[in-house]
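Here subunit A shows up in two complexes: once beside subunit B, once beside subunit C.
Up next is the complex of A and B:
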């Protein structure tokens, strides 16, 4: 998660997070496909106008998901419940209700992904953690603990890959289920436990106590533009709900 | 048992969850070919792995909040590795984590054994289904589809989530890396030797 230098990325991460989760909650409560479509279009407009998305980026990112949502829409339309049969063939049974539901859910998932992308493509992880400390009162112990832990994602990924290759070179054929899980997870976890112990000791040895009384390199604050964005986005959503 | 977390436990919880999150990513690539073969309902049997972070971390650390934090941190891996399911993945993590946490909360965080671990796997599946009903329209499927999927996911949560977590943690304990954590401490207090399971 990195900032992309757009106007949206200058907003306070906590504020942005809360506003987007609120809009996603609204999307969950809505049962009208047309309204869902409108709220999704708002996200696309925000993306193009203030989040620095180009049309190419948008297509590249959203197209694979769109195919997935067409699939979900199809599954719901054919396997969903409903009374008024529109079309029936073999075990596929499309009703007006199920088609409506399929469209609704497909668009809702698309909306989720787009609002999620608006957040993840414009937010820097470090700034977000700092903002969680200052705006949402997260304990620094947890914020820095998580920052330290998240740095290990690429390392664990390459370790897992290495183990897979090491197994293959010795002629192990990958099985499925619990056994395959144990084979890779155990070394990964035991190394992880050792690493975590060393990190914790290193942090404490450098005087990290996890209390709030400490100095901060960056202190994200709330500015007028945060209020502006929150009011504008929630306002537009409310207007759409009333209007449509 | 102290309820405040020390630094060692915080970092352990996060790192183990991150490791689980990385395994989840690998599991997802395994899931796609299998679901193409046996269909989404059949592939629901693989669901349990996605909720294993909670029982593993809660079983080792044994503190309120451990199960919830573990699942959220594991879900955050998906967000941070650039999957644009991003925020929704995090929300599912919150629902699964709340389910898993409930299993330990109803026993007042005093029972940590294979049964509560399995219960936490099952409740994580229920939590996941609650999210699916609210967000993904699971309730719009025919009742048979709905209950079948829920049933399969609960069974998978019990076996691949709870039971497998127990096996993983016991195996980890035998390597000795967990000796300074609550799980082994409580075993030593109860006087079962060095805290290792018998026969090892």
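Up next is the complex of A and C:
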């Protein structure tokens, strides 16, 4: 998670997070595919206009989800129930209801993904954690701890990879299910515990106490443009709901 | 348990200190007395498990404040201190350089507006000349330790503690950190307490050396020269890497050829070359200079001078022999003079004739890389049976990736590898890994069972060996690698040296003919490293082929028959180690430090030509 230098990335992360979660909640609540489509298009418009997305980036990121979208639509539309048959061939039976349903679920998923991407592609992780401390009163103990934890993710990936090839050379047959999971999870987990203990000691040795008695290098504030973005996005959503 | 605040007469230290961790029966430190003056630079030495890190943690206040332990005795601390840890990766909690340094300032509640100049100053002090928002993950190990130091300096400490700060670095980064710390030590009034098991780079500028024994008792405390002289034997037993130079100074050794160390080094070089010479008949060394084709051309690697190597070298020369030596001053009584007169030609030719024995492993136009980016192009290497091959080069030059690709552990980008003349990908896993083993840098990754015995027996069980045969083989390996007493232990509970040995033992159950090792001596103390290498050497004499990636040039010089230098995406050198160590040009471009005997020779020669 890094800032990409766009207008959207200058916004306060907490404010942006709350607004996006609200829109996602709206997406969950509505049952009209057309309205869902409209709200999704708003996200795409934001992405292109103020989030620094290029068309290429948009296509590249959304392509896998679009394929998934087609699949979901097809599944739900052809095997759904309903009265008004639009098209029927062999065991495929598309009805108005099932088509509506398929489009709704598919678009809802796209909407979720796009609003999520709008957030993650424009938000710096460190700024977000600091904003959680300042705007949402999260304890520094948790925020800094989570920041330190994020550093582990790529480490875990490379270690799992290493362990897989190391086991292969021993002739360890990779089973499936619980046993294989345990075999990899336990050493990774114990390594993780050891590493995090070391980091915790290093942080405390540098005077970290986890209390609020500290200063901050990065202090995200709320500004007028945050209000502007919140009002605009929520306003447009409301208008769409009333209008459509 | 009494903790006294700083008493007037003792700046830092302890009286009658004993420490025991709740999980262990025996205390790690026994009744220790230690007083450290302000501004002193103190080096704490001891075998692994002697509690030296524990002592440092107590003095720094980490024990018992952040790590629980039973502490007895009086401890005198300073409130303003900073600790630098071993693992560069597990002492940071932020993502970028400036945020990390700022974390120190934030903890001290420095107002925001004062932070930026302080961050700049800390970066300046440690020589971090990079953009402030550089992501930490992109830094090299040496740079990370620089950053760690910058973070400590931002705490404005009076006392600095270092817990094996260079143990996980390659030699180039290690020298970088040594130079930095030494410069800091000279320029500032900081009290410094350092735990290490390598002496080179420290001992020259320490005020005091403290030696602990295996039971956590203090056995020596004094000036470096005195401790080195009087406790040499104890240090060897403790597995401390003794300094190669101290108490001498390189400048003296270089300029005065009658210097005792100079005499010794010159003699060593003779011996090594003479030894090599016997082996030279069998191997080929070739120097591939960029832009030079595969044609038979000769390049002079080094024209060197030394006394006492006999002329018989000249006659040994067949097409693949590398060296011709001439000695003019065999009987010169003054060895110092002699060192300057005689001369050896170490010249090499690229032989276009095929290698004598059928290669065990052959790569052809092999290209390897991370992801899609290639790091090494067009590698053609033949590995003959019975050789000990070392692969050297900077971090990130592709050594490990190359090694892994040789056994199909990572896919090459292009090119082919043949094992016993058969395409590598046509081998089944089962057959291939019964003939070739791989020892990872982190041995823990390989362990699949719960006891040392089962770990070695694992491969046999997978193949349905009879229990009796299996037991015989396993016990034999346990004995060979000194693990008999540990047969029922959990592999994870062993020490690093034992884990490495176990990892090698598991790879030899089928008497694998090829063994690949990724930095087998890395992070170990001198004794455990020597033990492992000794065992590998015995295996090699019995016919095992060994290919290892290493940074230890002494090891390369003493054991390898052949060395490959990876540099800028090419194999810059492929041949006898002494040819590499005598090639000034290659050495300068590669950050490789030749062992002292070679270095002395080269520097002397340089002085003469000037």
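Convention: the second predicted complex is superposed on the first by the 227 of 244 C-alpha atoms of A that agree within 3 Å, B and C clash if a C-alpha of one lies under 4 Å from a C-alpha of the other, contacts with A are read in each partner's own complex, and residues count from 1 in each chain.
In this text, a residue touches a chain if its C-beta (ideal position, glycine included) is under 8 Å from a C-beta of that chain, and two chains touch if they have at least 3 such contacts.
The structure presented is a predicted model; accordingly, all values stated were derived computationally and were not measured.
**Student:** For A:165, decide between first (touching subunit B), second (touching subunit C), both and neither.
**Tutor:** second
**Student:** Quick check for you: in the superposed arrangement, does A:120 touch first (subunit B), second (subunit C), both or neither?
**Tutor:** Touch status of A:120: first partner only.
**Student:** On the A-aligned overlay, A:157 touches which partner chain: subunit B = first, subunit C = second, or both, or neither?
**Tutor:** So A:157 only meets subunit B here.
**Student:** Regarding the shared-chain residue A:76, is it in contact with subunit B (first), subunit C (second), both, or neither?
**Tutor:** first
**Student:** If you stack the two complexes on chain A, which partner ends up touching A:183: first (subunit B), second (subunit C), both, or neither?
**Tutor:** second
**Student:** Give one of first, second, both or neither to describe whether A:204 is in contact with subunit B, with subunit C, with both, or with none.
**Tutor:** both
**Student:** Just subunit B (first), just subunit C (second), both, or neither: which does A:21 touch?
**Tutor:** First partner only.
**Student:** Tell me which of subunit B and subunit C touches more residues of subunit A.
**Tutor:** Result: the larger residue contact count on subunit A belongs to B.
**Student:** Touch check for A:105: first (subunit B), second (subunit C), both, or neither?
**Tutor:** first
**Student:** Just subunit B (first), just subunit C (second), both, or neither: which does A:217 touch?
**Tutor:** A:217 sits against subunit C, while subunit B stays out of touch.
**Student:** Please identify the positions on subunit A that touch both subunit B and subunit C, taking each partner from its own complex.
**Tutor:** 125, 148, 150, 190, 195, 199-201, 203-204, 208
**Student:** Please name which positions on subunit B make contact with subunit A in the complex.
**Tutor:** 5, 7-8, 10-23, 25-27, 30, 34, 40, 46, 49, 56, 69, 73, 76-77, 79-82, 84-88, 91, 134-137, 140-143, 145, 159-160, 164, 167-168, 171-172, 175, 177-178, 180
**Student:** Can you name the residues of subunit C that touch subunit A in the complex?
**Tutor:** Within the complex, subunit C contacts subunit A at residues 60, 62, 65-67, 82-83, 85, 87, 89-96, 98-99, 102-112, 115, 137, 151-152, 155, 404, 407, 409-410, 429-430, 433, 437-438, 440, 442, 444-448, 458-459, 462-463, 492, 506.
**Student:** Which subunit A residues qualify as touching subunit C in the complex?
**Tutor:** 125-126, 144, 147-148, 150-151, 154-155, 159, 162-163, 165-173, 183, 187, 190-191, 195, 198-209, 213-219
**Student:** Over in the complex, which subunit A residues touch subunit B? Could you list them?
**Tutor:** That would be residues 1, 20-21, 24, 28, 61, 65, 72, 75-76, 79-81, 98, 101, 104-105, 108-109, 112-113, 115-117, 119-120, 125, 141-142, 145-146, 148-150, 152-153, 156-157, 160, 176-178, 181-182, 184-186, 188-190, 192-197, 199-201, 203-204, 208, 210 of subunit A.
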